[in-house]
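One chain, subunit A, appears in both complexes that follow, with subunit B as partner in the first and subunit C in the second.
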Partner chain A sequence: MRRIALALGVLAAIVYPIPLQLQGYTYYQTVGFLVLITAMLGLGWNVIGGWAGQFDFGPQVFFAVGAYVAALLFVRRGVDAWLGMLAAVAVAMALCAVLTYPLTGLRGHYFAIATVAIWMIAQPIGATWEFIGGSQGLFIPVKPHAGVVSTALSLQFTGPMKALGYYYSALVLFAVTLALMAWVERSKLGYYFRAVRDDQEAAEGIGIDSRRYKVVARSVTAAVFAAAGVLYAFWALSVFPEQVLELNWGTLPIMATVVGGIGRLWGPVLGAVILIPISQIMSTTLGTGPLAGRGIDLIVYGIIIILIAAFRPTGLLSLPWGRWLR
Partner chain B sequence: MASLLAVESATKRFGGLVANRSVSFGIEAGEIVGLIGPNGAGKTTLFNCITGYMHPDEGRLAFDGTDITHMRPEAICGLGIARTWQIVRAFGRMTALENVVCGALKRTNRVSEARARARELIDFTGLEGRADMPAATLTLADKKRLEIARALATQPRLLLLDEAMSGLTPFEASMAVQLVRRIHVELKVTLCVVEHVMEVVMPLSHRVVVLDYGTKIADGAPENVVRNELVISAYLGERRAAR
Partner chain C sequence: MTELAQAIVNGLQMGFLYALVAVGLTIIWGLMEMINFAHGEFLMLGMFGAWWLSVAVGVDPLLAIVPLGILMYGFGTLVYRLLMRRVQGGDPFTQIFATIGLLFLLQNTVVAGFTSDYRFVGDSVLTRLSGIKLQLLGITFGAPLLAAAGLALLLFLALYLLIERTEFGLALQATSEDREAARLVGIRPQRMFAVAWGVGAALVAIAGAILVNFFAVYPQVGLQFTVLAYAIVALGGFGSILGTLFAALVVGVIQSVTVVYLPPAFKDAFVFASYLLIGLFRPQGLFGRF
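Our next item is the complex of A and B:
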């Protein structure tokens, strides 16, 4: 049952954009791209928020760090996107470790407030630091590449193939993230994260350095956010503070994780597959026509999220699917 | 030979309250030591100092010759001291088996090895059949057993049990006493048992240390301690003792 569902999911994810592409559409490929990025970010946030149980409301800082590092390396040094992504992940993890260690003495709401505070500090830095382009940010020039392989390696898709190229790039990154997280969940890290979440004192009593594992958990989250930030920057062809430090890069993946099932591997994936298309459908149906410009689409979208959260606060994956599907 | 655990003039204050006043005692390898005293005598504070959750204001603690006075709990666990909690602290959202796996991972990085060790301890503590239940759904008696299994998984040389029998029915308590005896005989673990129920701790312990208002008032074989006037007055009150 599980295997069949997984195989169908993989097949659907690979085949989904092809008929659309053949008919000349690109919109739905971009929706798919957003679903995959949100799912990937949710998988990352699930480590600190779901398994380690620490409410991090500022992961978007590392999305921005990733985007800036790769963009700077590309614009100033001509370093390719994928190589830049490795550097971005390394910088984000190191920065996260340094910033998070002092926070790990805080618990519950205080930890959450501190993560928000770091995001608030990052905003004026992003807007005024000339080295990274200040409020103007950085523009990523397109360097044309010949051939599918060299285009894919450069992560610079253009023209009618742009949406399709980024969809599959996002699919690859998402799959890598999912595989890594599946490994983390079953490894010593996964056990220790959940032990710290369930009872920090008891965890220390069986030899778990709770502060160290909180730092490790948040650094894994930061790595995923940084990688996604790089992908997004090359898709948008620009990096500027208001765009990559936007609160939604944190709240959307958090909402997807909570709606789908916090602390469950597939929770953020399910949440992203549900929430992002709903938001797109709302904005294309209610966001146009006589009611356009009044934010009706966002209001309805918000109500849907509230209803899911009220109906099943532990997430849709916690419903007794096994019993229903038998 | 030096004691396995040496507590030397440990004093712990909370503001004006002295929870432990210059307490000294030792635990030898292979012993079962009972630590008793009325409510508020400072037993749990002493446990917290030994396991690194608190640090004494004065005095010194040493485990197997190593100074542990200012060590963190996870480091003390690494040296070979494990504990359970008066108010149970199971990892509620993990299964019973996963709780014990977390303990076993102290001595190995391989999850498969830790799971095998955890299975053995689940069986040893009589939790077979409940291995895959979320810990939060277990009964109090099973949660206390689970805490013991999880602590044993870290392969301690000294195990501190904080009221492992309180709140249990007489039958459950007798099962717990049996388990403690088996830990001592079969696993060769030294034990320190905190209880305020005399009937439980007296037949179990080789030696009993009595605290009252933070001060050690007696230390010796159970049959001698029960005849000690200070102990009788601490438990039963002045008038009864004077008679």
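Our next item is the complex of A and C:
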């Protein structure tokens, strides 16, 4: 049953854009791209938030770090995006480890506020640091590439193929992230994370260094956010502080994770598949009417989160689906 | 030198306003140990209410304090009774989610109603005072801020007496310390929590009605004050009312002194840097009891 569902899901994710592309539509590929990015970020946040049980309210800092590192390497040194992504992930993980270690002594909402504090400090730095372009940020020029392979390797899709190219790039990154998380969940590391979450004293009693594993967990989260940041930067063709340091890069994945099921591998995926299309459907139905751009989709998100928190805080995946579907 | 002294004086005056913003959170978070990430949205509602009453009805923001305080008291108790009571017993994460949902709901309902434009109260008692300045030892005191700071201090002291010196305040503290024991001596904990949420919401809305004389109002104005309030409450030591006042003054001074030497964008960065530093070396805050 599960295998069939998984196979169908994989098939749908690979095939659905093709007929649309052939008919000249690109809109739904972009929706798919946003769903995949959010799902990927949610998978990343699930490590620190779901498994290690630390409320990280500032993962968007590492989304920005990733975007900036790859963009700088590309603009100043001509390093291609995928190579830049490796560097971005490495820098984000190292920076995250250095920043997070001192915070791991704080618990619960103290930790949450500390992660917000780091984000608040990052914003003026991003806006005033001339080396990374200040508040103007960096503009990513499109370099023409001949052939599909070299375009894909440079992560610079243009023209009618743009939406499709980024969709499949996001699908690849998402699949890698999902596979990595499936491995982490069943590895010793995953058990350490959950041990620290469930009972920190007991975990320390059996020799698990809780501070170390909180740092490791958040660094894994940072790695995923950085990789997604690189993809987003090359899609948007620019990086500037107000865009990549926006709070929603943190809150949307968190909401997706909570809606789907926090601490469950497929939770963030389900959440992203539900939440992102809601926002897209609303912006198309509201069109240019009086309520367009008035945050109606975010009102709906707010209500969904409130209902989940009040009635099913463990998320939709925790509902007894097996019993219902039989 | 005068510039620095002036900055410190300005910071202290802002600090009194911040104290009023933060003290509602001291009650909800510090005393009753519940999380509210929508605290700034309560402030935003207070600011919008005061702005609307001023522009559409012609009520001065200082007078609007009374109806807004009463309304937001009701709103706060409602939020507790309908939502927070449900999530209180479970995982603390659930409280975070619930109030983040509330944040999105409130913020964007106001966006839907009023758009994200910045709005200002053009004419009020406090803005009309803006020509008047007092000079003392070469330091200038603008009348509007001075009056607002004085008002904030008065309200703050009234709250302090309410919490520390009345039977109601003692009941609130008893509930925060031991819910079961409080129940045994005839205090209804659910009621105390509802009142705490009501008082917290009312206080921050009143702070909003005062702040609206100095800051632009827009739906997203809340978050910066939420995090500022969290930093202040944590710095002051959870649940310590006077600690909150002192921490708010420190935060106000840090902000205004930072602006003397660095671009204004860094105004909050140093507040949070000091929060991080103090959090690392003195997690119980400057005045924490435990």
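Note that the second predicted complex is superposed on the first by the 304 of 326 C-alpha atoms of A that agree within 3 Å, B and C clash if a C-alpha of one lies under 4 Å from a C-alpha of the other, contacts with A are read in each partner's own complex, and residues count from 1 in each chain.
Throughout what follows, a contact is a pair of C-beta atoms (placed from the backbone, for glycine too) under 8 Å apart; a residue touches a chain by one contact, two chains touch by 3 or more.
Remember, it's a predicted structure, so these values are computed and weren't measured experimentally.
In the superposed model, C is the one of subunit B and subunit C that contacts more residues of subunit A.
Contact with subunit B, but none with subunit C, is seen for A:191 once the two complexes are overlaid on the shared chain.
Look at A:114: by the touch rule set out above, it reaches subunit C but stays clear of subunit B.
In the superposition on chain A, contact of A:242 is made with neither subunit B nor subunit C. By the document's definition of touching, of the two partners only subunit C reaches A:294; subunit B does not.
Subunit A residues in contact with subunit B (one complex) as well as with subunit C (other complex) do not exist. Listing the residues of subunit C that touch subunit A in their complex gives 29, 35, 83, 86-87, 90-98, 100-109, 111-112, 115, 219, 223, 227, 230-231, 234, 263, 265-266, 268-269, 272-273, 275-276, 279-280, 283.
Per the touch definition, subunit B reaches subunit A in the complex via residues 51, 53, 72-74, 77-78, 82-83, 85, 89-94, 98, 101-103, 105-106, 109, 111, 114, 147, 150-151, 153-154. On the side of subunit A, the complex with subunit C involves touching residues 49, 53, 55, 102-103, 105-106, 108-110, 112-114, 116-118, 120-121, 123-125, 127-128, 247, 251, 254-255, 258, 262, 291, 294-296, 298-299, 301-306, 308-311, 313. Contacts from subunit A toward subunit B in the complex involve residues 186-188, 191-192, 194-195, 197-199, 201-210, 263.
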